[in-house]
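Each of the next two complexes has chain A plus one other chain: chain B in the first, chain C in the second.
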Partner chain A sequence: MTAGQRRPIEDRPFVWLAPLFLLLAVLYLYPLIDVTRLSLTDATDAATPAHYTFASYRSLLGSSEFLAMTRVALIFVAASIAGQLVFGLLIAALVCAGERRRLPGAALVRAIVLVGWVLPGVVIGIIWKLLLDESGAGIIAYAASLLGGRNPTFLSAPGPALFWVTMANIWRGTAFSMIMQYAGMKTVPPELYEAATVDGAGALQKFRHVTLPSLRGILLINLVLITIATLNTFDMVLPLTGGGPGRATEVVALYIYHLVFSEFQFGRGAAVAVVLMAIGLALSACYARMLRRERAA
Partner chain B sequence: MNRRHTLFAVLAVVALMPAGIACADQYGSDSAPIHISWQMQPTQSPKSSVPTVKDYYQSHIEAWVKAHPDVMLDVTFNSTDINASMTRMQEQAATGRAPDVAMLDSFFLSRFYQFVQPLDRFYGPDQVDDFVAFARNGMRGPDGKLKALWVNTDVRVLYYRKDLVANPPKTWDELIAQAAELSKRGLTGYLYPGGRGEGAVMEHLPMFWAQGGELVDAAGKPVFGEGRNRAAMLNLLGFLKRTIDTGASPNRVVNYRFEADLYPEILQGKVAMFLGGNWMAKQLRELGDKSDWGVAPIPLMTQGDPVTAAGGWTYAVFTPDAKKQAIIVDLINSLVADPAAMAASTAALSNLPTRMSVAQGDSAYVKDPTVHGFLTLLRYARARPGAAIYPSISTELQVAMSEVITGQQSPEAALDQAWHKLAQ
Partner chain C sequence: MAGSAAIYAGYIVVALIFLFPLLWVASLSLRPMAELFAFPPRLVPEHPTLAAYRDVLAGSPLARYLLNSVKLVSATVLCALAIAVPSAYALSCLRFRRPLLKPVVMLGMLAVQLISPLVIALPLYRWFSGLGLINSHTAVVLVYVALSAPFATWMLTGFLDTVPVALDEAARIDGCSRLQSLLRVLLPVMLPGLAATAILLAISTWGQFIVPFVLLTRSDLYPVSVGILDFQSSMDSVSTHLLAAAAILSALPAMLTFLVLQRFIVGALTAGAVKG
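And then the complex of A and B:
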């Protein structure tokens, strides 16, 4: 390269990456650092001076509501993940089987399932609220009345409310699980199924000994992704129950919202957000590790 | 990538930027020497989905701008999440980035006292004395200065179906007896917001205040769990429990966080009585409700003077520029604050005026029998405390109320839990 001749841009990756780094720093890194800083204060609102302290974290540990929220979040996340994985797997297997048999409507089923994934969370919350209306206008209450049920309780008692909020979240997340697992199933070589058929394996045996082992990697990745998504769920629960009755359906992100925007406890809200972020980062690290392993395999 | 491509990419980004950032409405010419930034509440602005409101603000702002060609109004809007919007505005004010003038929810006004400019030089004592007591008190800060103008308000009442309830109940006992009887006939005797929302607390505060209960003391410290305040709160929670235990109300009231959540059930035509705000009368008619509703003061534990809770919106000025302040005051007066403007704007909004001269005036709107019924309650109205701790108190009371309604906790246990949480 002669003097005065400029190096090709491909040799200077920083020039390409600088705008991305800048965007990431402004849009992600700065808010992340600021939330962490805020979590180390007793900030309430802009009119009150804040002081640096660990009180926000200390108060969380001894707080009964934080414990109650953690319990609700654990049930909600565990049940949602189980439901989304199982239903996603089931629908993906059915769609694949339908396609193998060239049944009409398999693509339509796939498209219908995707509706739950495409709709915004707020809309899903409102739809489920209408479905679960207990005053007689709700479809599910009406169906229950046809079967002889009177005054059904869906959202007006703690247990049923958590159950239905979880069901709504399973309905919402199943489509994503289905797509992931459907994509995984499409990568399984048909020869494996043919060999299993020759060996005399039935449908269940093929599913257990061919499909599931082939999907191991994708299932793990799916597990991590839907765990992160469920932990961050907030937009659907707010219109559906608002976290009630009492605190029966107050999931982590909704708890943060209430602390920050209803009670103006910025320091405490930020502390819970940092805890949630740490869990999310740990899960993301797992995801990255699994992805590397998959690629290596 | 050659230089032409790079230039094209840069131009594309620059061209798209205004689309990404432009979110304000502009009234007046860009070349006007005075630019005023103004943050409005969308429901009380040309953005309103209600035709009468939209037309009122659109026509009045356009007329004002035409008469003031040297001014350009740069209008932005609060988001629909008022809490989040007011929180952001407070951050803006604390960092000197607040708009020149803004509409603030009266409930949040006290949080802005230190940031807003006093308006005393524009409004003398005779003008301020025209405002109803709770608005007058809220408009003045702890230093006695006029911090904002409270330009409209609302009150909470008991709605009752005239064909089902001959004499509206005045006390809790009467309410429960009548509602339980109506419920036995397959109707919903009495409905109210009882879930995780501010509506649940605000609708029930009058029942607490009427017993002499106070949430906070003069210094803003919580006192609702002590002495006679505790007794009053226990009575209120006990009353809510009785509404469910006696069948006067269904336990699904715990799903109703705000007044608007009651509409679907009311529209089914089986609700005999409900607790709600004055704005619901017009909204129900617009939703096609054919019931003949009467309005009465909120039933209290024992018979006495009515008590109700009031909210509403204020206009506050942030700019320290004296010339801009004078222009803004002229704008506010012509739009919502002068007696004539307040009469017209509250009629368009179906809200209530805060000036007694307007409330006792002779406009067709205030002479309407239903509106007149609401206006008679204005002098018994109280605003929620402006103390910084109030939002936390409200959240804990929402939890306590819904846990009592669902039977998760006894009134005593629910109140103790709320009180200890705030003591932490």
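And then the complex of A and C:
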């Protein structure tokens, strides 16, 4: 190309995008390559030099801790996304039903649900820790005692701890699912509901045959996004249980953190991080495909 | 109408589930120590007092943590917008030589957000240790900006797409350079979008935890999200009211911002969700 044909510099998109790309290259791309490289080493901490080896990945597969963590993470993720999808859908349907009848209060309910979502994760962990206090000051313990439970255990026994960590995560994440489903429901043409009413459909039938089919695309996207968010959960669990008792609530991110900063096994921590990243990338690839299909539809 | 009554019953249940935890913690924070273990527990304290807030703000490092957070959040929002505005302009108003590149860049903006900050914080910790950048607020802000600029770019591109192209063209015909057109003509028009983006960035950065947790080791530099964890581990059960007050104080800025501007934010969020 000759100089005469060249576009003026201000017309070139990549000139405007350069600061962003530079930042992402240095603080995203380079770290991602570096963490992959580190996962192939026996690095112990930040300072000491390391040798290349596959041992990190190999040892993970044989490690009972890794298998135990995978079990905890699977339960946590599966139960969280099920809860968030179902409650998000129910609340969105409720708010939409209220709006269709022009009942006041829908906006208030929406705002209340979203408050849980804007709270910092650490604060959510502390709030639930206070609610679940097993001494006299805990309100959930008191409620349990009214129902006949004596000396209930919430966070001090493995099973209940995992249950309550999951509940707290559902409480936190439902708002996001709700707002996505709500936005999706808003795009359903009202005529469809009117037609259903004329055909004599009840509220449940409308939900089943009008709302749900129209939401298919959004539900799938929602599913991918909350799966990733739940997989990455870290801040909320720390004040709530710290991963305990024992390692009963040690989710993936917490496991990585412990490997690197408590056990000084940087290489193994990086290997788990790479696995986590690979799952994330695979899910985002699904997400991208769904987005394209949604746009095409 | 039975239907409306059922809907209101639903509203009340939902509001209780999402509000009660907060109300309970607010109630704990307003109690004198003697009422902490009152039995049966009551939501409204008998002798409410703000003493816990006074003690926390005056007698603990929480005020310093809050100040650090304000510093980090404002620097991050400003820098992220400064990077995102030109990027959004390129994505929305400029012609790419290969048309396929634009959707690829847009998808990339979404994809990077799906990577856990922990994954990049690990190598950054090693790298920054070598460079002596551990315990540097500047380094933390840089990472925050990298985490939030893609989201900001993506949001702002959406807003710029709604601004008529004619505006940009008219400004250019009148002799503005592209930069002048962006700063003097387009920015004022997209101010609501800019504000919504800034608010969402501020709320998410306020809650950001992993990056400062890994990159800061000196407690006087902690933002409130990390500081309150430190605060929690230094507490025992007789100081529950202090922890509750600290939790409320660290959540308050994000909560108030959200409540005051919630219509605005919900609009921006739902617009984004529908666009995909």
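Operating definition for what follows: the second predicted complex is superposed on the first by the 283 of 297 C-alpha atoms of A that agree within 3 Å, B and C clash if a C-alpha of one lies under 4 Å from a C-alpha of the other, contacts with A are read in each partner's own complex, and residues count from 1 in each chain.
Criterion: a contact is a pair of C-beta atoms (placed from the backbone, for glycine too) under 8 Å apart; a residue touches a chain by one contact, two chains touch by 3 or more.
Fair warning: this is a prediction, and the values are worked out from it, not measured in the lab.
K.L.:
So, does A:G116 touch the first partner chain B, the second partner chain C, both, or neither?
P.N.:
Only chain C is touched by A:G116; chain B is not.
K.L.:
If you stack the two complexes on chain A, which partner ends up touching A:M277: first (chain B), second (chain C), both, or neither?
P.N.:
The answer is second: A:M277 touches chain C but not chain B.
K.L.:
Looking only at chain A, is it chain B or chain C that touches more of its residues?
P.N.:
C
K.L.:
Per the contact definition in the header, classify A:S135: touching chain B only (first), chain C only (second), both, or neither.
P.N.:
Touch status of A:S135: both partners.
K.L.:
Who does A:L38 touch here: chain B (first), chain C (second), both, or neither?
P.N.:
second
K.L.:
Which partner does A:V165 contact after superposing on A: first (chain B), second (chain C), both, neither?
P.N.:
After superposing on A, A:V165 lies clear of both chain B and chain C.
K.L.:
Between chain B (first) and chain C (second), which does A:I226 come into contact with in this model arrangement: first, second, both, or neither?
P.N.:
Once the two structures are laid over each other on A, A:I226 reaches no partner at all.
K.L.:
For A:T153, using the defined touch cut-off, is the partner it touches chain B, chain C, both, or neither? Pick first, second, both or neither.
P.N.:
first
K.L.:
Touching A:E65, do we find chain B (first), chain C (second), both, or neither?
P.N.:
The answer is first: A:E65 touches chain B but not chain C.
K.L.:
A:R101 contacts which: chain B (first), chain C (second), both, neither?
P.N.:
A:R101 sits against chain C, while chain B stays out of touch.
K.L.:
So chain A touches chain B in one structure and chain C in the other; where do those two contact lists coincide?
P.N.:
Residues 46-47, 133, 135-137, 260-261, which sit in both footprints.
K.L.:
Give the list of chain A residues in touch with chain C in this complex.
P.N.:
10-17, 19-20, 23-24, 26-28, 30-32, 34-35, 38, 43, 46-47, 91, 94, 97-98, 101, 103, 105-116, 118-123, 126-131, 133, 135-137, 139, 142, 171, 175, 179-180, 182-184, 186-187, 203, 218, 221, 225, 228, 231-232, 234-235, 238-239, 253, 256-257, 260-261, 266, 269-270, 273-274, 276-277, 280-281, 283-284, 287-288, 291, 294-295
K.L.:
If you look only at chain C, which of its residues touch chain A in the complex?
P.N.:
My answer: residues 3-4, 7-8, 10-11, 14-15, 17-19, 21-22, 24-25, 28, 36-41, 83-84, 86-87, 89-91, 94-96, 101-102, 105, 107, 110-112, 114-120, 122-127, 129-130, 142-143, 145-146, 149-150, 153, 177-179, 203, 206-207, 209-210, 214, 224-226, 228-229, 232, 237, 240, 243-244, 247, 250-251, 254-255, 257-259, 262-263, 265-266, 269-271, 273-274, 276.
K.L.:
Which residues of chain A touch chain B in the complex?
P.N.:
Spelled out, the residues of chain A in touch with chain B are 9, 44-48, 59, 62-65, 133-137, 151, 153, 155-158, 241-248, 258, 260-265.
K.L.:
Applying the document's contact rule, which stretches of chain B touch chain A when the two form their complex?
P.N.:
On the chain B side, the touching residues are 1, 81, 83-84, 87, 90-91, 93-95, 111-112, 114-115, 188, 195-197, 250-255, 257, 264-265, 268, 270, 388, 391-392, 394-395, 398-399, 402-403, 405-406, 408-409, 417, 421, 424.
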